[in-house]
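Right after this note come the structures.
Across the two complexes that follow, chain A remains constant while its partner is chain B and subsequently chain C.
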Partner chain A sequence: MIEILLILLAPVAGGLLYGFERVVRARMQNRQGPPLLQPFYDMMKLIDKQTLIVNPTHALLGVMHFVALWAVVAFTIMGGNLLYIVFLHLLASLFLVLAAFSVKSIFSHLGANRELLSMIAYEPILVMFAVAFYMLNGSFSIDAVRANPSALGSLLFLFLAFLFVVQLKLKKSPFDAAKAHQEIVGGAEVEFSGLFFEFVYMALWLEYVFVYLLLMLFAGDNILLGGILFCVVFLLVNLVDNATARVRMEHLIKIFLGIAVSLAALNLLGLAYV
Partner chain B sequence: MFRKFRKKSPWILHYNAGSCNGCDIEILACLSPKYDLERFGVINTGNPKQSDIFLVTGPVTFRSRERLVELYTQMPEPKVVVAVGSCTCTGGVFRDMYNVEDGIDRYIPVDVYVPGCAASPELIIDGVVKALEVLEKKTKAMEKPRKLFSEATTKEGIVDRRECAQKVGEADAKDTE
Partner chain C sequence: MLTQILILSPLLFALAVLFAGVRLRNILTVVFVVFLAGVSLVHLLFINEPLRYDLPHELHTLFFFFDALLLLFFLYVGIAKKDPLVASLAASQIVLYAAVKFVNGAVGSSDLLIDNTSLMMYLIVNIVGGIIVIYSLKYIESEEFSRLKKNGFIAVLFFFLGVMNFLVGTNNIEIFFLLFELTTLCSYILIGYRKDTISTQNALRALWMNQIGGVAILAALLLALVSYKTLSFDLLIANIDTAYLFPIVFLLLAAFVKGAAIPFEKWLLGAMVAPTPVSAILHSATMVKIAPFLVLKLSPAMSGFLSEAVMLFGTFVFFAASLLALSKNYFKEILGLSTIALLSFMMALAAIGTQEAILAASILMVFHALSKALLFLQLGILEKEFHLKYVNDIESLMSYSPLVVFFIVFGFASLTLPPFGVFIGKFMAFESFAAGIQESPVFLAALLFSALGSVFLTILYFKVLTKVFVRDMSLGDSKRKEIACTYKITSWALSVLLGVGIVWSLAQRLFGMWEILIPALLIGVVPLLLYVFVLQNAQRVKEYNCGEKEEVVLNMYYLHTPSAVQKTILILSLVFLGSLFVGVAL
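After this line comes the complex of A and B, so read on.
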C-alpha cells in the first residue's frame, strides 16, 4: 500500500529533489538560488504555454518516454527484477530517441545521435551492475538485494563506475554532451514545447529518482548507510558539475568504455574468482 | 489559474541581432553570481520553443533580420520581447547607417525598451522584471505588431516611432482576458 503511494508521489519527490539541487548548486557558486518549488512553477508555466506540436508521433513518444520512466521507477520501488528494470529503462530512453528522430529537424537528430552514443557508453555498466548483484545474491530481484547486508565493500570498483553513470544520467558536467545546452541548442528535447516539454522535463525528475534509488541498492538493508551514500553522492555530483567543463562526445565514450567499463569488469572478475 | 505562474518561471532566449557584444556581455553578467537572475527562476535556454522572454541586442543587420523574425515566430505564446541597449531600441550610434535597420521594432513588436550603451545589469534586471508584469497580462492570441501598424510621427524630419508605442504596463483593451 505504501509502495503505491510512493510510486504516485515519485514525480513530486523528483521535482523537490531537482529544486533542492538547483539551490545547492547556486549556493556552491556563491549566489542565492531559485525558490525550492521552482520546478513546479516551471511545470505550471509550461502547461499555460501554447503547445506547438510538430507532429503527433513526436508528441506521443515524448509522453511515452515519461510514462515508461515512471513505470521503471514503479518497478524499482515494488522490488522487481533488476535486469528487466535496466532494459525497461533502456526502452524509456529509446522512446525519447525515437521521438527526436521523428521530426525533420537537424538539431533533433543531432541530439538523438548523441543520446544513442551515450547509451553505448553507459548501458554496459548498468548491465554489469545487475550481473554483479546476481553474482552476490543468486537472484536479480531487488527484494533480495534489499534483504541482504550492504555489499559496498565487495562492489567498490562497481560503485566508482556507477558514479560515472550517475553523472551522465543526470546530465551534468563533464558528461552532458548529449544535451550540450547552448552548443547544439537542446539535444533530443529541442523540438518539444509547452505541455509536451513538460512531460520530458518531468521525465528528468524521474531520472533523478531512478538513479538515486539504484544508488541506494549499494547499501543493502542498511538504511543509514543508504542515506549517507545519497547525501555524499548528491554533494559530490554537484561539486563535480560546478567544477568541470563539458568533454566532447568522443572523449565521453572513450572515458566510459575505457575507465568505467574496465572498473566494472574488474569488479565482476574479482567477484567471480576471489 | 495558471497565469500567476507565468512570472515565476521566465525562460529567456537571448539573441544577438548584429550587436557589438557589449550588451550581450552585460546580459551574461546578469546571470552570473553577482547579479544573479536565476533567483527569479530565470534560465537561459537557447531554444525558442521553450522560452518566454526574447532578449534581443543589436541594431538589426541585413543577415540577422530573417533570423530575428523566425526566432520570434517560433516562440510559443505568451511571450514578451525586451530590447536591450540603445542600438536595439533606436539604432544607437549606428542610426541611419547603410548596414543596419534602426532597431528591432521595425520587425517584431517590442514590449520593453532598456536603454544604455551598454545597458547596465541592474537596468536589464529591471527590464526583465517589467517584462514579467507585461507577460502576466497577455493572452495566448497571436500578437499584432501594434507599432508597425500605427502612424509614426515626424519631428524635424526624423521619423519617431517611440511615441506611438504602447507604454509599458499599459494593457491594450483587447489584451486582457
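After this line comes the complex of A and C, so read on.
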C-alpha cells in the first residue's frame, strides 16, 4: 500500500527535490535563488499556456518518455529486477531521443545525437552496477538488496563509477553536453512547449528520483546510511556542477569508457576473486 | 515418418512448381507452405523424446555420388570462372573427401537424430521460411526474367527448405557435410541469380568462403575417424576426450564460416545484391542459422578453455559487428551486420552450455528469425513499391505508407525492447554472463562486450527509426499508396507470430507478468489512446529551431570507424580464431 502511495507521489517528490536543489545551488553561488516550490509554479504556468505542437508523434513521444520513466521508478520502488529496470530505463530515454529526431530542428537533432552518445557512456556502468549486486546477493532483485546489510565497503570503486553516472543523468556539469543550454539550447527538448514541455520537465524530476533510489541501494537495509549517502552525494553533485566546466562529448565518452568502466570492472573482479 | 515427409516433400514441391503456370504455381506454393508448417507443428506437438532413424545403405552410396558430383561441379565453376580460390578449395575438398572414404570403417550410430533443437529448427525453417517463399511469389513477379527462371527461383527456395530440414536432423557428419555443401550451392545459385557482374562476383565469394567451412568439416571428419573411430555426432560428443578437441574446433570453424562471423562476414554482406527474399531467407530461416545450431549441437562437448574461448570470440564479434554497423547507411548492410552480431552472440551463449544459456540461445534463434524476416520483407517492399534503398531516403515514408512504417517499427522494436523475445533472450544472456564471473574473468570481458554491443545495436536500430518518424506535414495524404496484398498478409503473419511469442513468454513465466505487460502497454496501447483523445484539437506550429532561418538537410547520425579500427577488428578476430587452435593443441 505504502509503495503505491510512494509511486503516485514520485513526481511530486522529484519536483521538491529539484526545487530544493535550485535553492542549494543558488546559495553556493551566493544568490538568493528561486522559492522551493518554483518547479510547481512553472508547472501551473506551462499548463495554462495554449497547446502548440510541431507534430503529434513528437508530442506523444515526449509524454511517453515521462510515462515510461514513471514505470521505471515504479518498478524500482516495488523492488523489481535491477537489470530489467536498467533496460527499461534505456527504453524510456529512447522515447525522448525518438521525439527529438521526429522534428526538423537542428538543435533537437544535435541534442538527440548527444543523448545517444551518452547512452554508450553510461549504459555499461549501469549493467555492471546490476551485475555487482547480482554477485553479492545471487539475484537481480532489488528487494534482496534492501534486505541485506550495506555493501558499500566492497563496492567502493563501483560507487565512484556510479557518481559519474549520477552527474551525467542529472545533466550536471562537467557531463551535461547533451543538454548544454548555451550551445544547443536544451538539445532534445528544445521543440517542446506548453503542456508537453511540462511532461518532459517532469520526466527530469523522475530521473532525480530514479538516480537517488539507485544510489540508496549502496546502503542496503541501513536507512541511516542511506540518508547520509543521499545528503553527501546531493551536495557533492551540486558542488561539482558549480565548480567544473563542461567537457566535450568525445571527452565525456573517453572518460566514461576509460575511467568509470575500468573502476566498475575492477570492482567486479575484486568481488569475484579477492 | 513425419521427418521423412519434411525432408522429401519440399524436393517434390520444388519439381512441381518448376513447370507450373503462374496461377497454379501460386496456389501450389501456398498449399505446400501451409502443409510444411502444419507438419512441423504436428512434429513438435507429438514428439517428446529424441527420435532415431537409419537410412538404407543404397542411400549412402547415392549420397557419395552427390558429394562427388557437387565437388566436381564446384571445381568446374572455379575453373570456368577462373577463380583460383574456388577451384583450389574444391580440389582440396576432393582430396580430403577421398581420404575420408579411404579410412572409412567407423562405428556407426543412427543417421537421423531428431532432438528438441531439431524440432525448433523445423519450426524456424518451415514457418518463417515458408512465409518468405509466399512473399517471393509476388516479389519475383515484378522482375524481368523468363517464366522458367522465375519458377526456378521458387523451386530453389523449396529445395533449400528441404535441405535445411534434412540438415537439422542428421547425426552423420558425412551426410552433414553433403547438406552443408548443398546449402552452399543454394546460396551460390540464389546470390548469383541476377547474373550481372557484381552478382556473379559476390556469388563466387560466397562459394569460396563457404567452402572453407566444407574443408573444415572434412578435416573434422577425418580426425574424428582416425582418433575416435566414428562419424556420428552423438558418439563423437559422448566419447569426447578433452585432451583432443580438434574435430570439435574444426566443426566450430565451419559454424563461424556459415554464421559469417568476422573475419568471414564478407560473403553474407555480399549476398545483398540478390533479390531481397534471398537475403530474407538466408538471414532468418536458413543458411546462417546453421551456425548457432551447430554450436548448440556441439555444446555438450565443450568445456573449460574451448567454451570460454568461443564465448569470448562470439561476444567480441557481437561488439565489433555492431560497431561497424553504426557507420553504414545502406539498409541491407545495417540489417546484415546486425545479423552477424546476433548470430555470434547466439554462438557465444550456446558455447557456455548451461541450461539457461542454451535456452537463451534458442529463444534468440526463434525470435531473431521472425524479426529479421519481417524487416527484410519491408526492405523488399520499400524497394519494389517506393524505390528506396538507403536509410537516409526513407524520410517521410510516414506520408506514403503508415503500414510499412508500422512494420518497420515493430520489427526493430521486437529486436530490442521488452516484452519481445529477443529482449528476453538477451536478458537471460546477461544473467548467464553475470553468473559466470566467479568462475572465470573471461565472463567479465564477455559481459562488457555484450553490454557495449547491445547499446550499439539499440542505437543502430533507432538510427533507422528516427528517419521513419520524420513527417512532412505539408504532404498530407496525397502520396498515400497501398502495398500489394501478398506483402501485407506475409508481414502480418510474421507480426502475429511475434505477438504469439509474447503470449508464449507470459505462459512460460520467463518473466513476471508486469514486466511483460507494462512495456507492452507503453509501446502499444498508451500512444494509441493519447493520439485518439488528446491531439485532435491541438494547434500546429512550425519548428522553433531557435530562430534559425537557414534551410538545413538533416541526415542520420553516423559513427565513423576509421580504417585503423577496422583493421584492428580483423586482426583481433584472426588472433581469436588462431588461439582456438593453439589453445586446443596445448
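Here is the rule we use: the second predicted complex is superposed on the first by the 274 of 274 C-alpha atoms of A that agree within 3 Å, B and C clash if a C-alpha of one lies under 4 Å from a C-alpha of the other, contacts with A are read in each partner's own complex, and residues count from 1 in each chain.
One rule holds for everything that comes next: a contact is a pair of C-beta atoms (placed from the backbone, for glycine too) under 8 Å apart; a residue touches a chain by one contact, two chains touch by 3 or more.
Predicted model, so just to flag it, every value in this text is computed and none were measured.
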### Message
For the three-chain arrangement built by superposition, which of chain B and chain C touches the greater number of chain A residues?
### Response
C
### Message
Applying the document's definition of touch, where does A:Asn30 land relative to chain B and chain C: first, second, both, or neither?
### Response
first
### Message
Looking at A:Leu83 after the superposition, I want to know if it touches chain B, chain C, both of them or none. Which is it: first, second, both, neither?
### Response
second
### Message
A:Ala68 in the overlay: touching chain B, chain C, both, or neither? Say first, second, both or neither.
### Response
second
### Query
Where does A:Ala59 make contact in the superposed view: on chain B (first), on chain C (second), on both, or on neither?
second
### Query
With the two structures laid over each other on chain A, which partner does A:Phe197 touch: chain B (first), chain C (second), both, or neither?
first
### Task
Answer with first, second, both or neither: which of chain B and chain C does A:Gln38 touch in the superposed model?
first
### Query
Touching A:Lys49 in the superposition: chain B (first), chain C (second), both, neither?
first
### Touched partner set for A:Val185, first chain B, second chain C, both or neither
both
### Message
Looking at A:Asn222 after the superposition, I want to know if it touches chain B, chain C, both of them or none. Which is it: first, second, both, neither?
### Response
neither
### Task
Please write out, lowest number first, the residues of chain A touched by both chain B and chain C across the two complexes.
50-52, 185, 190-191, 193
### Task
Mind listing the chain A positions that touch chain C in their complex?
50-57, 59-61, 63-64, 67-68, 71, 75, 80-81, 83-84, 87-88, 90-91, 94, 97-98, 101-109, 112-113, 116, 119-120, 123-124, 127-128, 130-131, 134-135, 140, 185, 190-191, 193, 261, 265, 268-269, 271-273
### Query
What residues on chain C touch chain A, complex-wise?
398, 417-418, 423, 427, 430-431, 433-435, 437-438, 441, 444, 447-448, 451-452, 455-456, 458-459, 462, 465-467, 469-471, 473, 511-512, 514-515, 518-519, 522, 526-527, 530-531, 535, 538-546, 548, 552, 554, 557
### Query
Which bits of chain A are touching chain B when the two form their complex?
22, 26, 29-35, 38, 41-42, 44-45, 47-52, 181-182, 185-186, 190-194, 197
#### Entry: Interface residues, chain B side, partner chain A - complex
2-3, 5-6, 8-9, 33-34, 36, 38-41, 44-47, 49-50, 52, 74, 76-78, 140
